[in-house]
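What follows is a set of structures to go through.
In the two assemblies presented below, subunit A is common to both, partnered first by subunit B and then by subunit C.
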Partner chain A sequence: MAELVAYIVAGLATGAIYALAAIGFTLVWQTSQTINFAQGEYVMLPAILILAGVSFFGLPLWAAALLGGLVFVAVFGAGFKIAVVDPMIRHGVLPLAIATMALAIIMKEGAKDFFSSEAQTFPSPFPAGAVDILGVSLSIQHIAIIAVAFIAIGMLQWFVSRTRTGRQMQATAQNPGVALILGIPVARMVMLTFAINAALAVLASVLVSPLYLAKFSNGEVIGLFAFIAAIVGGFNQVRGALGGGLIVGVVDSLAAAYISSSYRLAVPLALLVLIILIKPEGLFGRREERRI
Partner chain B sequence: MTRFTRAGVLALATTLAFAVVGPATAQERVKLINVVELSGAGATAGTQWRNGIDLAVADINARGGILGRQIDMVHYDTQTNPGNTRAAVQRAIDEGTYSVLGPVFSGPIGASMQIAQRAEIAQIVGGEAAGLTRQGNQFLFRTSLSQAAAMPKLATYLKETVKANRIAIVWVNNDFGKGGRDAMLPELQQRGIQVALDVSTEQGQADFTADAIRIRNANVDAVFVYLNEDESARFLLAARQQNVGKPMIGETTLLGARVIQLAGEAANGARGHVGLSIDAPVPAFQDFGRRYQARFGIASDHNGLKGYMAVHMIKWATERMGRFDRKGVADTLRGATITPQMEPGILITTRIEANGDLDRESFLAEVEGGRQVIRSTLPMIRP
Partner chain C sequence: MTEVVAPSPPPSPPVARAASGLSRRLDGVLLTLIAGAVLLWFLPVGMGRYGTYVLTLWLVTSIAVMGLNLTLGIAGLKSLAQAAFMGIGAYTTAILGTKFGVDWYSCFLMSGLLSFALGLLLGFPALRVKAHYLAFVTLAFATLVWLVFRNEQWLTGGTFGIANIARPTLFGIRTDGALAFHRFVVVVTLVLALALWWLIRSPWGRAFLALRENPIRAASLGVDIRAYTLLAFAIGSAYGGFAGALYSPLVEFIDPSPFALSASFMLLLMVVAGGSGYQLGPFVGALVAVALPEWLRFTGGLYLIVFGVVVLLLLIACPQGILGLAERGWNALRARLGAGAAEPSR
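Moving on, here comes the complex of A and B:
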């Protein structure tokens, strides 16, 4: 039983990272009705930028993290909206989705060519080792990741549902036309959504890189699992992305433990197919109907 | 009648001069192409191998080259992809490489070695999978001990030094990992060591938490870790996260400088057998390690040493023949014993078996305080 709890906690920690990335899918979907296929690279790149700040500019880690995070949010949050979404969305959702695929390749190859193709150590903000809780040995980092991710997602939920700006964001996501008539600054709300997505990616990057090491190819796995998580949970709900992330993380952990690491990717994919067949809107998603 | 202007005569003279001097200059150079993993899962190993080669080429060129010819070095990135590796080896041969260097990962070597064999060009590789030299390829040469040579030493170490009777094996499911596991199992069986937990992992795997928890809860005396560089570091980090308090035993890669750098404190306590190490009590290794560090700003692992030795194997064979002969390189290397007196760049006495395997001294080591510490030197298998 203690072993099972350890696997579940480990899965929740990984799932919390997937959830942060999956929320990005949800936010972009809500504002532009498209899928950002560069979402995995959004989680990969901030760690690389932070390390570049340390090695190229000699900044202390905290300053590099602050600067790297701000640069990332500006370039890949606001910049992404201005340079990629705005020009492409006029031509439909598909060109935009393809543009995000191109962006993913550019981010990955850029990280490889301008920084390093090798894995790099990324310092953990939390101590290493494990603690015994009710007879179960649990990783301190995992507990911290779960706590930080939940606090971040909780704050996001609070912001979206309890603040004026958050409600304006929700209105924009639900019906931009009506929101504009009601005097909501739709363009600013969309920009804010993209900035929040980038900020969550920075957080996920800082949390996961000490465990996975910072490497240009990290986005492939994280992006895939986050995508599965978003579909399993429900693409149009933040709570769906959260639930989906946690479920996929736990399923992945249990698959690695009780089946084999070799088949661990197959199990979440099987779950994905099952959800699409049984509940296409996702476990926590809202059914959407569109007139074509 | 054609009228020659002064400028026209000058241009003609310049062209003729280049026509005469150009080929002569080209004849004074020799082209070597390195086909290696500079991105993808093998980037860490491949980058070290490339750096070692670059250092060797700089040294050789500074001393006048091979038989007076300077080396032109070209590197092609295989992206750790067997298909790309095949294409790159073919391209290297088409572009007239004198010998093929690389790759490092055993899978891509296995997929591409027939191409150099067909062209009758020596291919000096970094792979350790036992199966590579069992296919009768007369043109393939290792730069490290094969798994068949290393695993008996490690199994003896597990039995006699670690006193392990039940162990867990964590291995990467590629040619390197499977070859190592398959070479290790009979050696363990012969020594009465039981494999209580057999954990297969994937190349490029990022999350080892579940594997670490399984091992923590298994009733084993030690863990034999046989993964590639990045995965070794990630596994050690996960094992530390999960308080896996069992001895981590590995073969060369686990104790490599790059893994120690990536895993940090989590690498402390790891021990086992290493084929090559800049920390070994061999002055030439240590000197190489210092110069590598000075040039590249990082510590060399065994792959850096392998790359350095690979170029010097070609140099030695060519100078031994006294001429540039592509096919002759393989013929000369096969069955040779190269000592540092004969070729200082070989760094340590190395015997090349008829099948391309190597025999040389190796070492037992442990990671202490973020550094690899050599505990003892093991003799050559056939001294």
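Moving on, here comes the complex of A and C:
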């Protein structure tokens, strides 16, 4: 029993990180129909940038984290939007999706060739060790990750639903045409979602890298899980991505512990197929009406 | 909700245009295919073993991309599992050939049939729901198939793979040499390309196009959407299987790595980079993905980055792919010469 709880908490911790990536993924999808196949690489790269800042420029860790995060948001949030999305989005969803695949190759190979092909340890912002809660020993790191991710998602939810800018962003996502007529600066709102996506990726990267080490190839699995989380939870909702991320994280953790390590990836995938067959709009999603 | 950000749908590739221009254009495709086959028959003479190998690999990859081009470019279905079907073909051929001594031609047919049947099985539940869910289901399928290749050691050899895959014999002539096998692949590729050329010209092909352009209108005109969608996907998958059946004897050793999800992404990239919906697009796209990294070897370890940058810039400059760019240039040239106004649909 104690073992089961520990596995579930570990699953919730990784699931919360997947949720951060999945939320960015759905935000960008909602406002600009961009399917970002580089989403996993978005979570991989910030940690590498931070480590590069420490080892190449001798920066202290906090300064490297700040600088690395800012550079990442500028280049892969705003820069990506201006240089890749803007010229391509008029030509439909597919060429842009393929372009993000090329971007994923560039990010992955760049991390490998210019930094390291080995897995690097990444310092954890939280103390190691465990606490006993009701007789169950839980890792402090896992609990801290869950707390930080939930605070971040809570703040995002507050921003989106309670502030003027956030509501304008939501309006842009729901109907850009009407939003434009109402005087909402649609272009700026779309840009904002790309920046938020990049910032969420930085946070996810800082949280996940102490657990799994920082490695150029990490993006493949993280991207796949973010994608599954978004679909399982519901492609068109922030709470869907959150729920999907947590479910996928727990399912993966339990599958690894109780089913088989060589087929652990198969369980979340089976869940994905099941959801598509039974409830295609996702567990927490809204049904989209058919457009002719 | 796409009015502002994505105001116009992508312009249709030429095969979707008026029927008057269609037959002339397709004859151009036919001539190019046959001329290309003749050229490729003689091209590798004096190129050496490795050069010939790369050329053959390009053709084998083109077959898989052709299938995906039918699924995506002609019928408009997004599949993220073409490399998995290629893997199924490759493993079918390798296992039947090395463990049961089945001759290559039977293996080839079995590979295609198995991929076709799995395509039907996979597409049926996905398409029952909605066409674009096929992409998600194929993503899951591709990863599951790769897991089976890696984990079922008794059947696939796991990460150790399967070695000593024999090359086929044609009319008693062995194709063990690089050049002989290359010529064998040229013939098979030509036959498969001609079959697809014929299919796209046939009423079935027109139905596939209708499916991509406007599925609801196609249904109202009496096209059985689900049957045709399934068929397009299954035939595209079968081409993946055929490509795999040639891939095994080409490399003579297979392991799970070339059939991972990223390889499926790569094949999709080739369809779009070459020009989705153009019948010669797969050859151009596969050339970019197979040969460009070889030409970029001089950059040392950086060749994959340079490759990614080239593809990204190419797509930004021309989202319709290389053949889309070529057609635009050709049309502009004709318009400047004053011939464009007389015959605009060409």
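What to note about this one:
Definition applied: the second predicted complex is superposed on the first by the 290 of 292 C-alpha atoms of A that agree within 3 Å, B and C clash if a C-alpha of one lies under 4 Å from a C-alpha of the other, contacts with A are read in each partner's own complex, and residues count from 1 in each chain.
Simple rule for what comes next: a contact is a pair of C-beta atoms (placed from the backbone, for glycine too) under 8 Å apart; a residue touches a chain by one contact, two chains touch by 3 or more.
Keep in mind it's a predicted model, so treat the numbers as computed, not measured.
Model built by superposing both complexes on subunit A: subunit B and subunit C fit together without a clash.
Legend: residue contacts after superposition of the two complexes on their common chain; A:V5 is shown touching neither subunit B nor subunit C. When the shared chain is aligned, no partner comes close enough to touch A:L67: not subunit B, not subunit C. Contacts of A:I231 after superposition on the shared chain: subunit C is touched, whereas subunit B is not. Touch criterion met: A:S32 reaches subunit C, while subunit B stays clear of it. Look at A:S262: by the touch rule set out above, it reaches both subunit B and subunit C. In the superposition on chain A, A:V54 contacts neither subunit B nor subunit C.
More residues of subunit A are touched by C (comparison of subunit B with subunit C). In the superposed model, A:L272 makes contact with subunit C only, not with subunit B. Once chain A of one complex is fitted onto chain A of the other, the partner contacts of A:H142 are limited to subunit B, with no touch recorded for subunit C. In the superposition on chain A, A:I105 makes contact with subunit C only, while subunit B stays out of contact range. An angle of 70 degrees, to the nearest 10, separates subunit B from subunit C at the C-alpha centre of subunit A in the overlay.
Taking the two complexes aligned on chain A, the least Cα distance separating subunit B from subunit C is 5 Å.
In the superposition on chain A, the residues of subunit A touched by subunit B in one structure and by subunit C in the other are 262. Residue ranges of subunit B in contact with subunit A, taken from their complex: 38-41, 43-44, 47, 173, 199-202, 204-207, 209-211, 213-214, 216-217, 229-230, 233-234, 237-238, 240-243, 258, 261-262, 264-266.
For subunit A in complex with subunit C, the residues that touch the partner chain are 31-33, 37, 83-84, 87-96, 98-99, 101-103, 105-106, 109-110, 113, 174-177, 179-180, 186, 190, 220, 224, 227, 231, 262-263, 265-266, 269-270, 272-273, 276-277, 280, 292. Contacts from subunit C toward subunit A in the complex involve residues 1-10, 72, 78, 125-126, 128-130, 133, 136-137, 139-140, 143-144, 147, 150-151, 216, 261-262, 265-266, 268-269, 272-273, 276, 301-302, 304-305, 307-309, 311-312, 315-316, 319-320. Those residues of subunit A that touch subunit B in the shared complex are 3, 6-7, 10, 13-14, 112, 117-121, 128-130, 137, 139-142, 210-213, 215-218, 221, 252-254, 256-257, 260-262, 264.
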